[in-house]
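First chain written, first letter: the chains are A, B, C and D, and each begins at residue 1.
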Amino acid sequence: MIEIRIHPQSFDIDYEMKRIQESSSSGAMVSFLGSVRDIQSKNSLKNLEIEHYPKMAHKVLNETAKYAFEKWKLSRCLIIHRYGKLKINDPIVLIVTQSDHRKEAFKANEYIIDFLKINAPFWKKENTSKDSYWVSQKP
Amino acid sequence: MIEIRIHPQSFDIDYEMKRIQESSSSGAMVSFLGSVRDIQSKNSLKNLEIEHYPKMAHKVLNETAKYAFEKWKLSRCLIIHRYGKLKINDPIVLIVTQSDHRKEAFKANEYIIDFLKINAPFWKKENTSKDSYWVSQKP
Amino acid sequence: MKLIYFAKVREILGKSEEIIEVPSEIKTIQNLIDFLISHDPSYKAALEDKDFFVACDEELVDMDFIIKRKSEIAIFPPVTGG
Amino acid sequence: MKLIYFAKVREILGKSEEIIEVPSEIKTIQNLIDFLISHDPSYKAALEDKDFFVACDEELVDMDFIIKRKSEIAIFPPVTGG
């Protein structure tokens, strides 16, 4: 089962993981959580704004999840990505991959986040009390 | 910060992850959750018993966490491993690694679970309604 | 033709989307970009450093991709999600 | 010398620990294992397939490791945690 969610609201890592863990008898679940940190503004971050291209973001996330799901024989794959105004330490992205074998769950998870970072149409802007910067791409 | 816990009680993945996520400004957190599944008894598993060698288990988990913490420059590392009688789908082991960079968090996490699987003194026994088996080691 | 812009490209252009008429000799994405730049200096500011991507109907495309007239064409800087 | 046993080894031996006196010519882990097997057939059943590990004071050791008399020696099957 694949689930993709893109929304401005926060999410409960807890709730999402528990739900997946309890719903299936696959033994290995890997999750990645990316949170807001102060990348360029050196401790003066007021908020982080995430802009996205909705139709394409859904498409890229869906295709990526499907590819990983089949390639690594996952039992579950969940991707949540937020947009809008976020504060420091707020969760941005959650990827959960579940499989019978831990190697597959790890590989699928890392593939998904690596792929999203360079292909999913989201853009981050840091707003400080003085200024605003678009975050530049890093590998 | 490194935390190692070995106990029979269950744990809240949710609580543990949220606590770590909120306490630090590192951007990347990876977690691995291993749960009880029906390995050899083909749907007749009554419970799984985990036996361990307490002093050595603490030592191995501690040393493994320390090694990973330094090698991959983690900001947090948590390992929880349960022992005692568990039911199907119960969580057994949780490993959380947090770092500024996702590659490091993934590598550290996978290293820890791989190392534990062959070095930490825990043993699993499956009890079915008819019989009991010691689980044999798999890579 | 529908054009949409995101992030820095959108900010520099001061608009998030527009419908434009393009001459029939505009065939490829490269032709379109050249046409936009010659047509208004704000496109020059937004696109001249070449640090942008183009998606045609939600699919990333190269500069020599042949444009379909009814497509939605998105122009945006390198993505920074995740 | 304190010996402790886990999992299948513990079950076959029917005990989880014991204190034994070993003759002074027993120097290595291999000597100890041979001594135990010659001494009681239950050790033969538990240890003869060689599918076990030995830890001396919570540290895995090889069969030629020199035993310290005051050590805690643990004998157990391959681990299956995680």
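We take it that a residue touches a chain if its C-beta (ideal position, glycine included) is under 8 Å from a C-beta of that chain, and two chains touch if they have at least 3 such contacts.
What you are looking at is a predicted structure, and each value in this text was computed from that prediction instead of being measured.
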### Task
Using the touch definition up top, find the fewest steps from chain B to chain C.
2
### Message
From the C-alpha centres, identify the chain that is farthest from chain B.
### Response
C
### Query
If you average the Cα atoms of chain A and of chain C to get two centres, how far apart are those centres in Å?
27
### Message
Report the inter-centroid distance (CA atoms only) between chain A and chain D in whole Å.
### Response
49
### Whole-Å gap separating chain C and chain D, where each centre is the average of the chain's CA atoms
73
## Note on the structure
Going by residue number, chain A touches two or more other chains at 34, 113
### Task
Could you check chain D for residues that touch two or more other chains and list them?
none
### Query
What chain-chain pairs meet the touch criterion?
A-B, A-C, B-D
### Query
For the complex, which residues does chain A have touching chain B?
12-15, 17-18, 21-22, 24-38, 88-89, 91, 100, 102, 105-106, 109-110, 113
### Task
Using the touch rule from the top, collect the residues of chain D that touch chain B in their complex.
4, 6-8, 10, 55, 58, 60, 74, 76-82
#### Entry: chain A - residues contacting chain C, complex
34, 50-53, 55-57, 59-60, 81, 92-93, 113, 116-125, 134-137
